[in-house]
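Notes follow the structure.
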Amino acid sequence: MLTLTLILLPIIAGLLTLSTKGENAKVIALVAALVELALGAYTFFAFVPDATSQFGVSYNWIASAGIKFSVGIDGISLILVSLTTLVVPFIILSTFQNNYEKASIFYSLILFMQAGLVGVFTAKDAFLFYFFFEATLIPIYFIAAIWGGENRIKVTFKFFVYTIFGSLFMLLALVYLYIKTPTHSSEITALYETARLLDASQQGFIFWAFFIAFAIKMPLFPFHTWQPDTYVEAPTAGTMLLSGIMLKMGTYGLIRLLLPIAPLGVKAWGTVAVVLAIVGIVYGSIIAIQQKDMKRLIAYSSFAHVGLMAAGIFSSNLDGIQGSLIQMLAHGINVVGLFFIVEIIQQRTKSRELSSLGGITQTTPQLTVFFIIIMLGSVALPLTNGFVGEFLLLKGVFEYNAWMGAVAGLTIILGAVYMLRLVQKSMFGTTTSLTEGFEDLGLTERATLLPIAVLVIVLGIAPNIILKASEPAVSQLLSIINK
Amino acid sequence: MNAIIALSLFGITNLFLGFLNNRKILLPATLLFVLIAFGLNLADWNHEYYWFHNMLKTNNLSINFTSIILVATALVVAISRGFGNDEEHTHPAEYYGILLFSVVGAIMMVTFQSLFMLFVGIEILSVAMYVLTGSDKRNLRSNEAALKYFLMGSFATGIMLFGIALVYGATGSFDINGIGNMVNQAKLQDIMLNPYGPILYGGIILIFVGLLFKISAAPFHFWTPDVYDGAPSIFTAFMSTVVKTAGVAATYRLLSISFPAVYGLWGNPLVYITCLTLFIGNITAVYQQSFKRMLAYSSISHAGYLLITVLAKTPTTNSSILFYSLAYSIATISAFAVLMVVSEAQSKSGKPDESFTALNGLATNNPFLAFVLTVSMLSLAGIPLTAGFFGKFFIFADAFSNVSSLFKTIAVVAILMSTVGIYYYFKPIIAAYLKKGDLEKIELSPIYKLTLIITTALTILLGIAPDLVKNIF
Amino acid sequence: MQFWYFLTALTLISALMVVLSKNPIHSVLYLVFTFFCISGHYVLLNAQFLMAVNIIVYAGAIMVLFLFVIMMLDLRRNSPDSKTNLTKLAGAVVGGTVLVIFIAATRKINLGTGADNAFYNSQTGMVENLGQILYRNYLLPFELVSILFFVAMVGAVMLGKREAGERNF
């Protein structure tokens, strides 16, 4: 029941927001997101750390297609649900400086998006998963297409067609599996059983169908071409949703569906996937170093990070998957913080170009501190949240293949290079005409950045809060994979 | 059967209503006629009848198909707006009368038991369509479309008639069950030893070609874009829904009852035809500047999706065709309804503007129309939580139910083409919501608005709870 | 049997001439001749009534109408051939392939020794028997064909009616 509430609350709040006019919209949206956060926190602490699925409900929905409305939270879902409920209030808070046209629609779309995301992370029925997976696309498309930058129509359309293209392949695989199930059921656990009946070539088909779907969503090299443009053109709140939460739908899908359903496929093709992921890490990092636009730089860094997560997942061992889970959480928090800082800088200087910025530190001690903390989290300095995830991921990849682990390890060095360059070029150095008289943080900005910075450090010091919750579920998943 | 008799009489009644010189009465009268026919049709529910020496057979399946045809007809009639107030150039009594007659033909196509009835049904439907296509006499494109349709259509019917004659020669029967039995026996012997084998096979192929022409499957689709584009929009809506549903139903009825024993003969070419139809329909639609022409190509592509399940030949094929046709019909009618009012409001020098640009900025002053358009486009594209998604879903499920691994390839082609479909179905949505335009508020008559509400609500409802109708089918 | 071959050859040749002759009047006359040949086939098939109807309706009524229309429309102006060579080639290939397929299909057919005298009934094609079948077994299609003609008639009247006003050409 709790899970259902988590899904329905944002929808109801979204409808409420839609019916308001003017300034009230953002306040209602924020209140709703905070209530959702409280519910999420309650879920997190009420969760009994074992491998079972909790707080669930299950209704028959479409009997002729064997589809159930079945949701529940297990250790893996828990982390992503926590991420979603945690990040959305920050995203809403980060827009408090802006006065969007048609604000009520904007905030209701964000809330609908949140409902869809929670749905994706809690669905226990494969088609329900697919519905939520697609349903999240519509709000984010309109957020980016209506409130985005100059090229928004073209860029968001590309994004939309690209991702639908991928998810149609997932649909194909799901229908295929559903037909193969003896009982014509589409529950994910039933699909796990069915997968055992399939031979290697059938699993190979399923592997690629899922892989294309999730690789486009994350995105992995070479399916990433929609990503940088979309991140740049979308309004910052949209970018935060995309990179903070939405790309985790892809990694979550890998863990939830691809690994356990197509273990033989992973055995046959997993190496290709890991290699693609690692190519993405290096490629993304190198391109990030070259970037002049702050938003684009972070977009490419996000691309590199997600490559490492995918590599960890495809190494299919405990460390890899646990690492990817905690890294999803950490990356979600960090990237929202980073994009928010870019937004602050852009609002005051009307520029995101690194070359025209500099010297901001002189007037803004608070912003500098927050920026550096989040940046350090992003480059995985020990005692920050990024460190735990990257360490476990690298360990997982290393166990899978030492050479690949070594190449993937480049991410730490390259990541430090581009992140430090970002901070140094934008914050330090001499002031330019644009950055003169840069004001320090306002109240809502502080209220957003402070908790993020705290989380960066807390999760770095005590990652076990997270790891413990997900470990039984991950172990069980691994036992299904290795059966 | 009762619906056929009733509609024939109603059609004549409609022509006489034309003498009243009261245009306003025609639309409600026709709507009433269609609804009465709908009721008569349902009266036979759960009974299986053979009519007039096995000429027609009605059972739940045929009643379902007839219901879809009548629902689509009712919706088309409801958005016809009585064909305007132009006393001089429009003849609503004749239009409505011919429309009802054509429905008689369509119903014959889904209930036929004898190939005679199939032929007569197709001819009634086609002749009515030739006339209606050319009904906008002052429009050159309409004239061209009518002539093209007439020439090509009669040729296709001729080919089909030749095929029927050959099949009759080989099997000595017009009854589809009788033919089926004979084909089964003929199959037992070697085709080279069986004296009638070659004639039978030639006949099947020719009938097949004639039917594929009617549902505009590639490579027999060349008439479709010009005819759909040239015909008045309201009749295009009718053609792309009722005619297509009846055509696919007739094709599957014939193939599955008479010729399952020679699956290889029609199945193998159908694989290529299906893929080609999907490919041509979707790829060509991308390049269209005209919304109406895009819908014409999209109708070709939807024939391709329907052919997948015809090809898969599973026990659920009929119900998949029913669901897909219903979903496709209501979405298409919504789209045409929006197109009609918008293109008229954007008329350029007396000619309605049917390009995508006519939709620019639709959402600003007409949020209702924009929403209707969006839902219908999403449904046609097969986005979840619309009826179109489940249409595709059931078709893919059918494809995978067939053990042949060939269907994996076909499904991948269909998926790729669905992606292409999303590209062009989003053009109108983008135009309506994201482009700027100076479209004024369009006033809709209550019945028009009600129809749009019904189609949109039905599209969403069937997307959330497809079981509502799937349990009946 | 020899007569059948002769008649068939005549039918095919005259049908071909309908298409091939440049002068529309000649085409129509060849068509009339084709109909006569087909009527001859009906006689061979013991369908005398159909033979008579075919001559009266097609050769008599419809063809005369055709002739009137052609004479009134003055079709002597030769319109330039609009087909490209590619279309012609494609048409020839497609048509030729169908021809080859049908020749190949019918080549092996062995239709036996023809009619069996034991079952021969000279009255089969007479109007009485035809009427029995038509109004008993095939009553429904017979009646429904009237709808078809009705639609065609209404359509012809509707399309043929002269209208004032501008044309949007």
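First chain written, first letter: the chains are A, B and C, and each begins at residue 1.
Note that a contact is a pair of C-beta atoms (placed from the backbone, for glycine too) under 8 Å apart; a residue touches a chain by one contact, two chains touch by 3 or more.
Just so it is clear, the structure is predicted and the values come from calculations on it, not from any experiment.
When chain centres are taken as C-alpha averages, the shortest distance to the whole-protein C-alpha average belongs to B. Top-ranked chain pair, ordered by C-beta pairs in contact, is B-C.
For this pair, chain A with chain B, the centres built from the Cα atoms lie 43 Å apart.
Centre-to-centre separation of chain B and chain C, using mean CA positions: 30 Å.
Note: centroid distance chain A to chain C, computed from Cα atoms, is 71 Å. Residues of chain B in contact with two or more other chains: none.
Across the complex, chain B is touched by residues 61-65, 130-131, 134-135, 138, 142, 145-146, 152-153, 157, 160-161, 164-165, 168-169, 171-172, 175-176, 178-180, 205 of chain A. The residues of chain B lying in touch with chain A in their complex are 383-385, 390, 393-394, 396-397, 400-401, 408, 411-412, 415-416, 418-419, 422-423, 426, 430, 433-435, 465-467, 470-471. Taken in their complex, chain B has these residues touching chain C: 4, 8, 11-12, 15, 51-53, 55-56, 88-89, 91, 94, 97-98, 101-102, 104-105, 108, 114, 116-117, 120-121, 123-124, 127-128, 130-131, 134-135, 137-140, 146, 192, 195-196, 198-199, 201-202, 350-351. Within the complex formed with chain B, the chain C residues making contact are 101-102, 104-106, 108-112, 136-141, 144-145, 147-148, 150-152, 154-155, 158-159, 163-169.
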